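Letters A, B, C, D and E name the chains as they come in the text, with residue numbers starting at 1 for each one.
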Amino acid sequence: MSIWDYANPTRFLRLVQVVLPWLTGLCVIAFAAGLYMSFFVAPEDYQQGDTVRIMYIHVPAAWLAMMCYSIMALSSLGTLVWKHPLADVSAKCAAPIGAAFTFMALVTGSLWGKPMWGTYWVWDARLTSVLVLLIMYLGLMTLWRTMEDPIRAGKAAAILTLVGALNLPIIKFSVDWWNTLHQPASVMRAGGPTIHPDILWPLLVMAIAFTLLFFVLHLMAMRNEILRRRVRSLRLRAAGAAQPGTVANATQPAE
Amino acid sequence: MFQDISFHLESGSALVVTGANGIGKSSLLRTLAGLVPLAGGTLRLDGGEEDRATFEHAHYFGHQNAVKPSLSVLENLEFWMSFTNAVQTPDYEGAEILPRQALDTLGIAHTCDLPAGFLSAGQTRRLAMARLLVTARPVWLMDEPTSALDTASEKQLLGLMNAHLASGGMIITATHTDLALTSTQTLNLQASDAATQTIGDAFS
Amino acid sequence: MSSWALTLFKRDLRLSVRVGGSAMVGVLFFLAVVTVIPFGVGPDLNLLSRIGPAILWIGALLATLLGLDRLFQADRDDGTLDLMLMAGRPLELVVLIKCLAHWVATGLPLVIAAPMLAIFLNLEPAAMGAVTVTLLAGTPALTLIGAIGASLTVSLRRGGLLLAVLVVPLAIPVLIFGVSAADAAIHDPVPFLTPFLILCALSLIAAVIGPVASAAALRFAAD
Amino acid sequence: MSSWALTLFKRDLRLSVRVGGSAMVGVLFFLAVVTVIPFGVGPDLNLLSRIGPAILWIGALLATLLGLDRLFQADRDDGTLDLMLMAGRPLELVVLIKCLAHWVATGLPLVIAAPMLAIFLNLEPAAMGAVTVTLLAGTPALTLIGAIGASLTVSLRRGGLLLAVLVVPLAIPVLIFGVSAADAAIHDPVPFLTPFLILCALSLIAAVIGPVASAAALRFAAD
Amino acid sequence: MFQDISFHLESGSALVVTGANGIGKSSLLRTLAGLVPLAGGTLRLDGGEEDRATFEHAHYFGHQNAVKPSLSVLENLEFWMSFTNAVQTPDYEGAEILPRQALDTLGIAHTCDLPAGFLSAGQTRRLAMARLLVTARPVWLMDEPTSALDTASEKQLLGLMNAHLASGGMIITATHTDLALTSTQTLNLQASDAATQTIGDAFS
């Protein structure tokens, strides 16, 4: 069975109905395990104390923020190149979730930054890139909101998403340049590639839990969006349908 | 812009303004509606409310529908009902009807709760028309009222216009086609009146 | 007046919140401006926190003025403005109510977003509060003054920039007193209340001059 | 291609010169932004000359992006766009030529005005030259990137702010390298040429991505 | 949006599309003009240039005039002449005429150097019409071509349309009124074809 078989929204909805409960269950289990591990199993940092546990939320959220954009870029290709009818639904539904994860990464990062750097925010290259990513998410969401026709909005947003995807490396590169030019204020050296397994495992489990959370939310949002579009087309049809009836009415003299 | 135009209209009758393209029909109607200042001459409505301008006794039904696509059909109509001041004159006994009733009369009651953007051109035009029914004003100024309407809707519109005349209202309408109105007077604008003076401002 | 005024207010609010409305866009533009400035000025937190109140005020000024172009133009484009002129309601009041609705839909979100954006500029809590309060007192003045520009440009198809150009000179006093009040709250020596009260007075003056002037301009725009 | 392309270019240039002098409006907005910032930041000349290049660049960025909203919308409103799609000319090229004409009419005046505005900000002659040269190299990129936003928002009645919001993130690299090149020319240690060449490269990239993406968006907008 | 529409048009004849408001006449024309993507079905023009899309053989004359008010009448016309690619087919021997000649034919030669914004609605419409005369394309797609025209201009327009047919061109036009064209076929859109399928997309 290929993905094309799910081009039919009805079949897709049936699939969602089957898959969603299992996915939700897995997600809950993963979160239970991940939270337990990160709060009780993982050791405190000898410098940072308990605040290090923010990492188990912060890092997966940051990863997911980036993954969401990749999924949107892929879906946009689906809209423009393969003309898959669900692709723009997928892209539209991923945007708010991506924005939420980005926002979560920003908030947890800032909360972490206060004890670490003494300030909630520095214009560090990585943080700034995340902020720009947030603006891009919000811009896309606004574009979708301001266009009445979902198909047309989907195409416009797909173009913008792809142009954004092409641009993201350039933005990252230029922000790095900008920051090194001004001597980095960065302190974010805590992680590095040599992470102790005691930290790594909870992190990985949390990352899996976040990914599952994304898929659960995404599928639910897609289902809602499909239903919303059906309602819309039913209403559009309702507007047009009674036209013949009206003509019949009109033959009576209007008082 | 105009020279030597004068007419007198009884309540209960309609004035049909005709003339070639660009002769100034729309401009005449907009002047009567108070949207273009009167360069000279007088405009008087006998028996109108004293403290109100002439144009506040009139509904203007122009080329534009004044319909917001993102509001529902009913919301659109209710806004105009509450925002437009109703005006009564002794001769005019037209009744105001409720928004839903007006939509029903015009055959778009089923679209009540839909966003107005879902309507077709003809339906939108009818929604604009409903505005005239929910607030009573004795004078209707209508610029090519039948444009964009198909034959059936046109007939219905004429029915409503005749009903307005029957209840003592007045209609002034510009048109290119023949309208089957009950009691009409015709004002045919000619080139000598307008076109040659199109730019008759202080510099000529 | 109550009934029609309330209907008008609710309608305008609805229009800006519904699909195709513009409530979100202003805040996003504000965010974009505040983000872009450090890219030019550099990431030096001391410098940023020094000019922070100014950045926030300038961002709010631009977001408000540039968001005003559709205030009357949407109504003119679909013929609503003609009918409003004929409706027999005092036009000054209509303008005032439309401004109020517009401010609630787009100005208030700016005020609410200001403290969050202040974090990026490393403002102290006191400064944050001061900027927010001054914006709350000052943005209505910006909307009301901007309404004059909006009605002047209503018949030109290119509102946006021209409107800002026309109105910026009028809005500079508001900016000056807004920023000074915010600065005063941060650096003790200068009293906060004096500039703040002047700012409030400016808002009140704008609430009179704005509607009167823009009602006059709208009447001319109709023909 | 030559004949029709030249006609199109001349027509667009004529239109922007005749209609309300859109070139003037852009420059005036630039002037307004540059004069407003000192009112906010305070009259400290050292500070101003330090952030001067940044102010000029941010002003030019905003003036360019906000002036782009009518690039395609005017043509869409009166049905010209439909006919352009049917005319049998490569749309990418049409977009590129329109952008070029728009830049000549509105971007070039900004570049020419920059040295004059630099005087207000107390910039040295060297800095003045550097800012002007970087603007000359960078504003075409802003116009071309902005064209994407203009074509995405072509069917919306309220281009202005939304366009800016969509495009600002994409324009950040241009701003960064523009300002760094200007700064580099002022403070010796950093080489000027590296960021300047990157800036030129960005303009070239934008000359490809911009027309392709916005032609695609315009095709979709027609239905 | 449509179901089961098929027609075949010989060169030298016209297709008149009729139907109620909102049935889809304009949409059909825009689809033929390539402005709305074809959801299904085929569109073929025999004898057209191979490497050009069907819609590049057509002129579209819609509700909008594509006239820039700040350019002069002649500048407007010359732009379209140079910008629009002329296309020839074997059956069609329509000649291109010069802009001034075209304006003369349409009776607005005297406005040549005026800004197009000074023209009245009817005159602007004629200027838009002139565009079809200065570039030869065999197919004319016309959406309510006579709207906003007075009787005299309407007759003149019909003359031009008949001349186009006589020289082997095709016309597809949507209209609410009767047009006196020489050889016509009629396509009457019915509610069952369109209205009920207005949004027959993948989500229904």
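Simple rule for what comes next: contacts are C-beta pairs under 8 Å (C-beta built on N, C-alpha and C of every residue); 3 or more make two chains touch, one makes a residue touch a chain.
This is a predicted model, so every value here is computed, not measured.
A.B. asks: How many hops, at fewest, get you from subunit A to subunit B via touching chains?
C.D. replies: Between subunit A and subunit B, the shortest chain-hopping route counts 1.
A.B. asks: Could you find the chain whose CA centre sits the greatest distance from that of subunit A?
C.D. replies: Measuring from the centre of subunit A, the most distant chain centre belongs to B.
A.B. asks: What whole-number Å value describes the gap between the mean CA coordinates of subunit A and subunit E?
C.D. replies: Whole-Å distance between the two chain centres: 46.
A.B. asks: Centroid of subunit B to centroid of subunit C, CA atoms only: how many Å?
C.D. replies: The answer is 37 Å.
A.B. asks: Going by the contact rule already set, what residues in subunit D reach two or more other chains?
C.D. replies: Residues 19, 156, 158, 162, 165, 168-169, 172, 176, 223.
A.B. asks: At least two partner chains per residue is the criterion; list those residues in subunit E.
C.D. replies: 20-22
A.B. asks: Would you pick out the residues of subunit A that each touch at least 2 other chains?
C.D. replies: Touching at least two other chains: 132, 135, 138-139, 142, 146-148, 178, 236, 240-241, 243, 247.
A.B. asks: How about subunit A: which of its residues touch subunit C in the complex?
C.D. replies: Result: residues 110, 119-124, 128, 131-132, 135, 138-139, 141-142, 145-148, 178-179, 182, 185 of subunit A touch subunit C.
A.B. asks: Write out the stretch or stretches of subunit A touching subunit B in their complex.
C.D. replies: 148, 235-236, 238-243, 245-247, 249-251, 253-255
A.B. asks: Please output the residues of subunit C touching subunit D within their complex, sorted ascending.
C.D. replies: 20, 22, 25-26, 28-29, 32-33, 35-37, 39-42, 47, 51, 53-55, 57-58, 61-63, 66-67, 69-70, 73-74, 77, 156-162, 164-165, 168-169, 172, 175-176, 179
A.B. asks: Which residues, counting only subunit C, touch subunit A once they are in their complex?
C.D. replies: Those residues of subunit C that touch subunit A are 19-22, 24-25, 28, 31-32, 35, 38-39, 42-45, 48, 119-120, 122.
A.B. asks: Sort out for me which residues of subunit E touch subunit B in the complex.
C.D. replies: Those in contact with subunit B are residues 20-22, 119-123, 147-153, 176.
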